[in-house]
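Across the two complexes that follow, chain A remains constant while its partner is chain B and subsequently chain C.
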Partner chain A sequence: MASRASGAGKSRFSRDEARRDSDHVSFLKHRRFRWLWIALVLSGTAVLAYALIDQEPRPNGGTWLGYTLGTIGVLLILWLSLLGVRKRHITTGAWSLKAWTSAHVYLGLSLIVIGTLHTGFQVSWNVHTLAYVLMMVVILSGIWGVIAYATLPAHLSANRREMTRIEMLDALAALDRQLDSAAQPLERAEADLVLATLTQDIFHGGAWGRLTGSYPACATARALKAIGTGDEAHARVHALLDKRREQLAQIRGYLRIKALLEIWLFLHIPATIALIAALIAHVISVFYYW
Partner chain B sequence: MSDLYKVAIIGSGPAGLSAAARAAAIGMSHVLIEKTDHLSDTIFKYQKGKHVMATPANLVLRSDLDFDAGKREAILGTWDEQIATGRVNVKLNAEVTKVEGAKGNFAIHLRSGEVVAAEAIVLAIGTQGNPNRLRCPGADSPMIQYQLDDPGEYFDEHITVIGSGDAGIENALGLAADPAQRNVVTILNRSADFARAKAANVALLEEAEREGRIFVRRETTPAEVRDGELLLDTRDGQEAIPCQRIIARTGSQPPRGFVEAMGIEFSSSEPGAFPKLSPVFETTTPGIHVIGALAGYPLIKHCMNQGYDVIEFLNGNADLKPADEPILAEKFNHLPGNRNVDEWLGVFGDNIGILADLSTLQLRELMLDSTAHAYEPGDVIFRRNEPGSSMFAIAEGSVAVEVSPHDPSITVPIEQGSIFGEVGLISGRRRGATVRAAEPVIALELSRTAALKLLATSPGAARAVTAISIERQLLQMFGSGLTREDVAPLVASAEVMQARAGQVIVTEGADDKDIFIIRRGSMIVEKEIGGKPVFLSYLPAGSYFGEMAVIDGSARTATVKAAIKSEVIRLPGDGFLALLDKNPALREKALADMAGRRATNAFIESRKGDFTGAVDLYSETAAFLVDNGIGEATDVLLIDEKLCIGCDNCEKACADSHDGLSRLDREAGRSYAHLHVPTSCRHCEHPHCMADCPPNAIHRGPDGEVFIDETCIGCGNCQRNCPYGVIRMDAKPPKKPSLLQWMLFGAGPGPGEAPYGWRKKEAAKQQMPEAKLAIKCDMCSGIDGGPACVRACPTGAAIRVSPDKFLTFTKLTEDVE
Partner chain C sequence: MAFLIRTIDFTASGREIIRDRVVEQAHLTVGRAAECDIHLPDLAVEQRHLALTLASDGTLRAEALGTLGFALDGRSVTEGVIDPGVGGEIALGSALIAAARDEAGRVTLTIRQAPAEEGKGDAVAGFALASALPSKRAASWVLASLILVLLLAVPVFTHATRTITPNDPDKITHGQTVLDAAWSTGALSVKHHALEENCESCHVNAFVSVRDETCISCHKGLGDHAAKPRLIAGMPELSSGDAALWKIAGMFGKEGRGACTTCHTEHEGKVRQQPASEAFCSDCHDKLDTRLTDTALANAHDFGKQHPQFRPTFYAAYGAKEPVRLSLDKKPVEQSGLIFPHDVHMDERGGAARMAISLAQYGAPLECKDCHAATADKISFKPVEMEQSCESCHSLVSGRGAGGFTSLRHGDVRKFREDIAGLRQGAARKPVGAARQRPGQFGEAGRYYAQFGRPVNAHISLARGLEKGGVCTECHLPTQTGGRADLVPVNLPDRFLMHGYFSHEAHKKEECTDCHAADKSKTANDLLIPDLASCRDCHLGATAQKTKKIVPSSCAMCHAYHVPSGQWSQSRSETTKGASSYVADARRAKGSDQ
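This part shows the complex of A and B:
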């Protein structure tokens, strides 16, 4: 008892208290833009050095400043690409993925300055420029990602209306069971329209439909148009179809936003891998021909 | 009338079975009476294949029956076989309705009309109770059953379910689930809505009703059970419906009434109280003995040992030492003084005031859940701000309480026989002061469960603890200048009040003049501004309120109501004023507190004029959070949905830092204004999950986390008791291939919780135990860096907060992006 009371316990308590009381801000605002400032200082220093230091015969990757900028650039790229490992490797210790993301975004943006200065504004059709272009593709897709992360979550939350993905699918399944029995009194042609809604894959739109939310071949919309509210049985089916349409819209909205939150990664990650491959070729060829 | 047995054992659970087996083994004439058609009904009703645990591991089993951890079927099979070969005289389908007579000749009346005569009775009926029977003509019809084991075994029947609770609804849904069974299922509800059932069950029932799978009859009661039909009392008169089977699920009657009818006294009127027992399990009615869960021992091993012991006692074996003797000896052997178990029990029982009323049996049981400590002078017993819900009692020596956080030399003594640490037990909050031994101390640390059981069984102890805790709370709150004598008149006039969630304690504009201290739970302060209640602040346990009206004589300036089920101490305003007059330092402190609260109120009111939106957002968000249990939380995960990208990295991190199972469900749960309360443990001040844990496996750890230790038996009580649904039952999954193997070679399921199928297959391959145990968030206790869910959030959406820090205007209106 006495031994437990002294030592480690207290510091965890004060750290926990600090956590429970800590500010609640996004990765962009993390620690009052700490990484933005670091990135600005880094880029500012690079610009100043480029402007003030006399490079002979002309600014390019081969001067000592060019090598320095290139080394900083390649180390940054390798470190930035480790975010994917950090995210999945849940080790102990006081790291925070939010801080990593924050640093990833701002230091990644600073590469625009560092990488461009490293080129000395010399571009042509070779592996060096390929590496530069790939880096810019990675950075631009990253900016797309930051914009997606900053704007889409609120829509995702609003669309969810407190339902989980499973609950949305369950709600649809419940509507389908009711539709199945409600369609019994309908005539053959109309009943077939209703049955078509039940058998249609809700993801039938493919990748395009998923990203745009446009499903022109939606059987539910078609059945809704064809089945009126004439008598009690029709009215009931119509009301159920209307509910089904709404439920489908929610599920499709959910899928659309989730897809938009991820689609940029399909460019960002492969471009990163290609960038690292091009970088290796760039570095080896530079030293080979040195 | 049959022969006169030496002993009749009522109830064939582990306790009754073990008693009967012992009686058979020593040749004592006996009869084992069981109301159902099989032995050990409670375990019989466990789900098929359930793994039954044998805790506590250090308790030896003393029984003629074997018992070890294993599957339900294996355990029941062993017992059935051993009862048969041991020639135990069993009477099945025998429900006892009444017991008459006295020691030496009891007459036990059965429902069938038969009467069994016995010299002594052992009651081992557990705490399940009997289902409530229908109260209408024909209630004894064979069509009626009170339980439904397998809804799949009935076909082509008109079945009526009576009862509108979860059990009834679930039975009805089960019977109607498969249309191929062609059952016509009707459910009767006395009232118009299903208020007692879970919302999810009601939704399923209403859906089944819309689809015509179940007939739901509201405001309908059974009038008469006839052959093949049921007469109903409906709102529009009587109506008969065809009916071949009735499933009555109208709740059950706790066994207390039945037990008290035999003249057996309970230790108090509290619902959690147990019968008063002698050291040989004899009740206040001579000749009737109580063992097992009904005596307060819910674990199977305890029950079986008691069954053995009680028969030995009845057989005149007075020297039998209880089976827990070696455990107690081990508990005491580090204490100085070389005393044996009986001597130590004497020291604790005689010296500690609150244990005075306990029998030796109760004292022994209390010891099992408690720890005996010996301290040298100067040893720290606990420190300020440590979590701790145990209560200490001083058997020898005295302690010093460091009342000032800044100066350890200012102390208040607590003398031999008294208690300390009770604030943690009552409020669930951290230790308020550091306590050291002042001289050599022998102290007993009562775990929360043991202490609560003591308070429920011993009214004297409960009164003593209440008085001491009020006095200490006053002294602690108002600083070190006060003495016990100063507050004595206030303590004498104090009154403890229970408040249910939402109950108003102080009404704005009223002119009552009492002052209140929050003893447990928490309160919210609201003020009517522009015709709407606006949330002003959150008051945790240990705060006081109502002082403004007392000090300046004004009307109440705000409404104070309970955020959750709470307890407040009401003190008369006059007494408080008298105390202030005598104590200028206290007066200043009270005035300073008052000024602080005034300033908060004025700030919110001034904001209301300029930024109505912000104040509304603050007020409504705070109210939403309190509605979702944040008021009773100590550390809760919240997700800002303006930042959450739905990557579920929080869940994955949780699984990867805890044996591969996630203890949180990000998507589930309620949201308001983009603030989402996921299904995840709140680490409540008074954890509901702890309420009924047979092996006492749920504790509050050193960092304030509520966790389940390895003695969990997988009974699922905590899961049912948690109002927030954050406890899951699952088997420990097998180890996954490493992250590197996954990244490079795609080995295993990757980061996060493995899919159920993978876990099941891999566990079978590695022959891992399948026992499902309760798992829940442990706040990443022992993991350097703190909660993984927060560390692993890439955007800062996941935060863990405490209500006293988060329910403030600044925090709730912060611009996060």
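This part shows the complex of A and C:
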């Protein structure tokens, strides 16, 4: 009995472990890389076909293999773009969102092979190459997205130092209030510098500033440079400004990591929609001028 | 060791009430309990929440007394140190306690209500990159609209609404379709490059593949390689992929495998049209007889390995109306109607050579080029003209006239008769009527002297000239036409191999006699066209190893696809040397002989 009970317990334990494992396994490793293998087989078949099948007069989108690869490519692109619809309905099972995402990543990567072979390595300044370039932008931004999601959240966590975003803003607000009172004894010019610091938008600098962490117009840095530590009042303001700079640096570090984490989607999504438009133009133009 | 505790409150009307009190101790408690030094009536605050201790070094130490922490400069902590010289702010519930040192050196604690937290959620949204970039949706709409309008709608609209103009190869204009350059899959070939800006010259109708009739509208006079049904029947079996593609293409109105565009693909870059590869020809001609069972053509796939014997076109019977085409293997006998032993003329020590040496025109033994002059294309030779090439030895001088020597006219027996009849030969004819001297040109032997006697001597000369041993039959064969003496007409084609072309220019380093055995030919019945084996001394198939002697030769070296006798070109199509024009020329020439 005991052994049966322990056996049943073990199997239940391992079953639960298996379920937990499957629940927590990354979409990249989903079902032991099932979609990676499918994508590899698809790409390998396409490469083999391209290498072995005689394409007259030269390989491009107009041979039967070219049309086949193009058809596979366009169907894949349309299906991959449906992730945007699918992700809003989270389900489990064979076609769980995780399975779908896994397929999205690996089949998307196989499009590099299929799309490139479809071109027959002919590129030029035209709508056809535009579609190809947009496809590559989508895929490369997707690759960046996967890498970013795998590596950057740890940095984001480290940067936060157990502060929430609201706390970061509160800390800055607290400093600002102190700065406001500490700066009361200052002369006009210096008071203006402090005022500029207090009124400047925390998030100024735009997307470029966020991505590079470069804020040449930072009023805090300017005020810090201009206000010395001559007397006690100045020293106090200087010390508060220094604290403000530190707090801003943390916020900006957060913004930078967040921007690197999110920027891919700002390429991925508009480029996908532009790609679908370019594909429509590509397919129609090819047959319009058959 | 004292604190200045300053409490700032607001009246209902918004007026500020400031209360100051000094606490002379180094340790303060903060909480909701009434006995605390700083009493905060706020349910979010513990009864005894926080202890503030002034350390000996002037710093202020804050420590949570319970389990709940507090915010020090925005950060949630349970303990912390404030340098009153710099300042610090403690948030507890809705109260903010700012610590600073005043002028007197006391630590001032200013207590006020925290500002309302409205809008904080919005501020947090600023952390997202979305707050610094245009929305993904807007960017998507803009990009997609730009692409669809500029790269699709504009070209489609301008193409559909244009006025169609017929193609004119001499006057190529810009197309009317706007922005369709973005549709071009690549630059056009060199010869079509002028059409780069005029897509609709070839792409006439929307969704209709480029038609043969459009190609022919400029490429006039371009012959078919074979009739289309036979052409397609002769083609090798398609792979299943290609068969499927053609089937689908056919459903959408593509013209099929025999169409111009099947071979002539465009937009492959600014390149020249390459000569067809050997494989291109051998695909069909390798085993053509298995697919076109009634074909007269022998299989061919490699000049060195499988190519039929040459079949020159020539006249096989004296005075024949039509030429025949016969394999050199069948030992053809040419019957052009001429008597011409090449060996006699080419023997450097023979009588002909001696004669030529004595003549200023030659000054040396005869060479081939003395009689045979190549045409401009260096493929065939101009007709040999008796007056230019033969007459300096084979003289037709008939006497001495007023302006010098008179000569019999060559080329037409009728004119020969007239010339002979006009000759004053032998004894003077008996005058008609009383003899009367006339002056000048009208006198005897003058140009306009009329003599009405019977031209007996002329008849005799005429008969002698045309009969065997006469002046004409040195080179011509005598015959009878309608009971009168005549000569066999000369049927000598300008060109013998009309389904391929041989560039004499490319072979100018060779001696003529290396290929044409003229120096050993005793009779004009020899057809001096070199055979396949002699060409193969140097020319083998395209895959042959190139050596000093061996020239790998693909089909296209001698054969053209559309015009068997040579490459098609715009100018050729206009000067009629197009498809099979040589045969037509030969027939025409022969017709005029009759």
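Basically, the second predicted complex is superposed on the first by the 205 of 290 C-alpha atoms of A that agree within 3 Å, B and C clash if a C-alpha of one lies under 4 Å from a C-alpha of the other, contacts with A are read in each partner's own complex, and residues count from 1 in each chain.
As a convention for this text, contacts are C-beta pairs under 8 Å (C-beta built on N, C-alpha and C of every residue); 3 or more make two chains touch, one makes a residue touch a chain.
These figures come from a predicted structure and were not determined experimentally.
**Student:** Taking the superposition on A as described, I'd like to know which of chain B and chain C A:S285 touches: first, second, both or neither.
**Tutor:** second
**Student:** Quick one: name whichever of chain B and chain C touches more residues of chain A.
**Tutor:** C
**Student:** Could you say whether A:K87 touches chain B, chain C, both of them, or neither, answering first, second, both or neither?
**Tutor:** Touch partner of A:K87: chain B, not chain C.
**Student:** Who does A:R165 touch here: chain B (first), chain C (second), both, or neither?
**Tutor:** In the superposed model, A:R165 contacts both chain B and chain C.
**Student:** Is A:F266 touching the first partner chain B, the second partner chain C, both, or neither of them?
**Tutor:** second
**Student:** With the two structures laid over each other on chain A, which partner does A:H118 touch: chain B (first), chain C (second), both, or neither?
**Tutor:** neither
**Student:** Looking at A:R252 after the superposition, I want to know if it touches chain B, chain C, both of them or none. Which is it: first, second, both, neither?
**Tutor:** neither
**Student:** For A:A174, using the defined touch cut-off, is the partner it touches chain B, chain C, both, or neither? Pick first, second, both or neither.
**Tutor:** both
**Student:** Of the two partner chains, chain B (first) and chain C (second), which one does A:R244 touch, if any: first, second, both, or neither?
**Tutor:** So A:R244 meets neither chain B nor chain C here.
**Student:** Regarding the shared-chain residue A:V127, is it in contact with chain B (first), chain C (second), both, or neither?
**Tutor:** Only chain C; A:V127 stays clear of chain B.
**Student:** Residue overlap on chain A between the chain B contact set and the chain C contact set?
**Tutor:** 165, 174, 177-178, 181, 258
**Student:** Please name which positions on chain C make contact with chain A in the complex.
**Tutor:** These residues of chain C touch chain A: 71, 73-76, 83, 85-89, 91, 96, 98, 100, 110, 120, 123-124, 126-133, 136, 139-141, 143-145, 147-148, 151-152, 155-156, 159, 180-187, 199, 203, 206-210, 239, 241-242, 244-245, 252, 254, 263, 265, 268.
**Student:** Can you list the chain B residues touching chain A in their complex?
**Tutor:** It comes out as residues 207, 210-212, 373, 375, 379-383, 385-386, 445, 635, 640-646, 649, 652-653, 656-657, 665, 667-671, 674, 676, 702-704, 739, 743, 750-751, 783-788, 790-797, 799-802, 805-806, 811, 814, 816-817.
**Student:** Give every residue of chain A touching chain B within the complex, in rising order.
**Tutor:** Answer in residue numbers: 1-2, 4-6, 9-10, 12-13, 15-16, 19-30, 85, 87-90, 92-98, 100-101, 149-150, 152-154, 156-157, 160, 162, 164-165, 174, 177-178, 181, 258, 261.
**Student:** Chain C touches which residues of chain A in the complex?
**Tutor:** My answer: residues 53-54, 57-58, 60-65, 67-68, 122, 124-128, 130, 163, 165-175, 177-178, 181-182, 202-203, 205-207, 209-210, 232, 235-236, 239-240, 243, 247, 251, 254-255, 258-259, 262-263, 265-266, 269-274, 276-278, 280-281, 284-290.
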